[in-house]
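Labels A, B and C are assigned to the chains in the order they are written; within every chain, residues are numbered from 1.
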Amino acid sequence: MPTAAVLTVSDSCFRGERTDLSGPATAELLRQHGFQVAPQEIVPDDQAKIEAALVRLSEQVQLVVTAGGTGIAERDVTPDATRAVCSRLVEGIPEKIRAAGLAQTPFAVLSRGVCGVRGRSLILNLPGSPKGAVQSLQAVIDILPHAVDLLAGKTGHE
Amino acid sequence: MPTAAVLTVSDSCFRGERTDLSGPATAELLRQHGFQVAPQEIVPDDQAKIEAALVRLSEQVQLVVTAGGTGIAERDVTPDATRAVCSRLVEGIPEKIRAAGLAQTPFAVLSRGVCGVRGRSLILNLPGSPKGAVQSLQAVIDILPHAVDLLAGKTGHE
Amino acid sequence: MPTAAVLTVSDSCFRGERTDLSGPATAELLRQHGFQVAPQEIVPDDQAKIEAALVRLSEQVQLVVTAGGTGIAERDVTPDATRAVCSRLVEGIPEKIRAAGLAQTPFAVLSRGVCGVRGRSLILNLPGSPKGAVQSLQAVIDILPHAVDLLAGKTGHE
């Protein structure tokens, strides 16, 4: 059973001013697709804190999914944190997410979310709204179990 | 009213050997979508000169649109200049422009244009041909007013 | 007549444990589209060896096509080698390849292949399976003769 963690990135959720709906909805979708999901975590929109959480979680689970902080506003730094801790990016995954998102809203192009590899784990950025997070994850969830298998060394390479 | 500037990047237009049609056509489309557009400027295909113009214009307006220099020939350096002065890129915008361009010509894939953020301004690269510049801008113009609002701090964030 | 070389990247083909089918199939498709193709070469999945081959081949031909090593497994380093030796990337080409690949398999998003410019040559990464390599090349082959013309200075620029 592949393992996953969901990290909500949001100042207002971190301060308790808003209830995090995106994290639980994302975790539920992962469970429905066979992932064992670690307890929910929330960090503020702070690049150093996001990086620290990604580093720690990527040592514990095979798939780290973030929700929030993918836009173009100044406090949106989740993609920057993710790039900083990954050794390589998988560009096709955010491309697919944005292409699927365009069927819902033209603003999908403003999501800067990335997907990258750190060690043997995959890190995937989703937007912060519950609907955006779930729809984005649905666009790529079918390939995630195979992707984490590849990173675990079960290559069936070529 | 959001503010914009159009920078034509072209050796031949800069030397006066060719009339710049792309810049005025781009500016007109921006005006039709509610932007206040600064007087037209032209620079040669010189990376340092493009960078200097982008730095100056991004301090004056919310949206800087370039036309020209996005191809793969040696003198095409507008995307390189843009990357050099931006703190972050918005990959979804050129993806959308290229996907829309493919409906017109298979050569759309050769456009290396990027879109990035410098300070509180957005910089967007368009191809140099009048038709290519206008069609590329049309593919994303609906989201540009919202994008510059976000950069101005009107986030309505989450 | 434009010139091309095909470089197969595969540990098992290099050691002779598997017959390279992707390289010959790729070379044949290039010939059908008017390229003069250099004799086949094979390197292992070793970033330094791939880089050395790309540097040498890009001085000899206008188009260097690689097959293999584009996935996310640890030994997949062809895109990393390609980035390291290119001065600029042409993002629209892998975007088009992945979009075309999605019509065949959802796993197309896991290809990290890139396309870049080194000197006056174009380097293009294809996946390692014979079917994947051929279908990926077919998605962009119509624009490659024009692309290498542009790099040769036959710009017909703007």
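Note that contacts are C-beta pairs under 8 Å (C-beta built on N, C-alpha and C of every residue); 3 or more make two chains touch, one makes a residue touch a chain.
Everything numeric in this text was worked out from a predicted model, so none of it was measured.
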item: When chain A is superposed on chain B by its C-alpha atoms, the rotation angle in degrees, nearest 5; value: 120
item: Proportion of interface numbers common to chain B and chain C (over half same, under half different); value: different
item: Chain centre separation in whole Å, for chain C relative to chain B (CA means); value: 30
item: Sequence positions of chain C contacting 2 or more other chains; value: 95, 99
item: Residue ranges of chain A touching chain B (in the complex, touch as defined); value: 10, 12, 18, 68, 71-76, 79-80, 94-95, 98-99, 102, 106-112, 128-129
item: Chain B - residues contacting chain A, complex; value: 88-93, 95-96, 99, 117, 122, 140, 142-143, 146-147, 150-151, 153, 155, 157-158
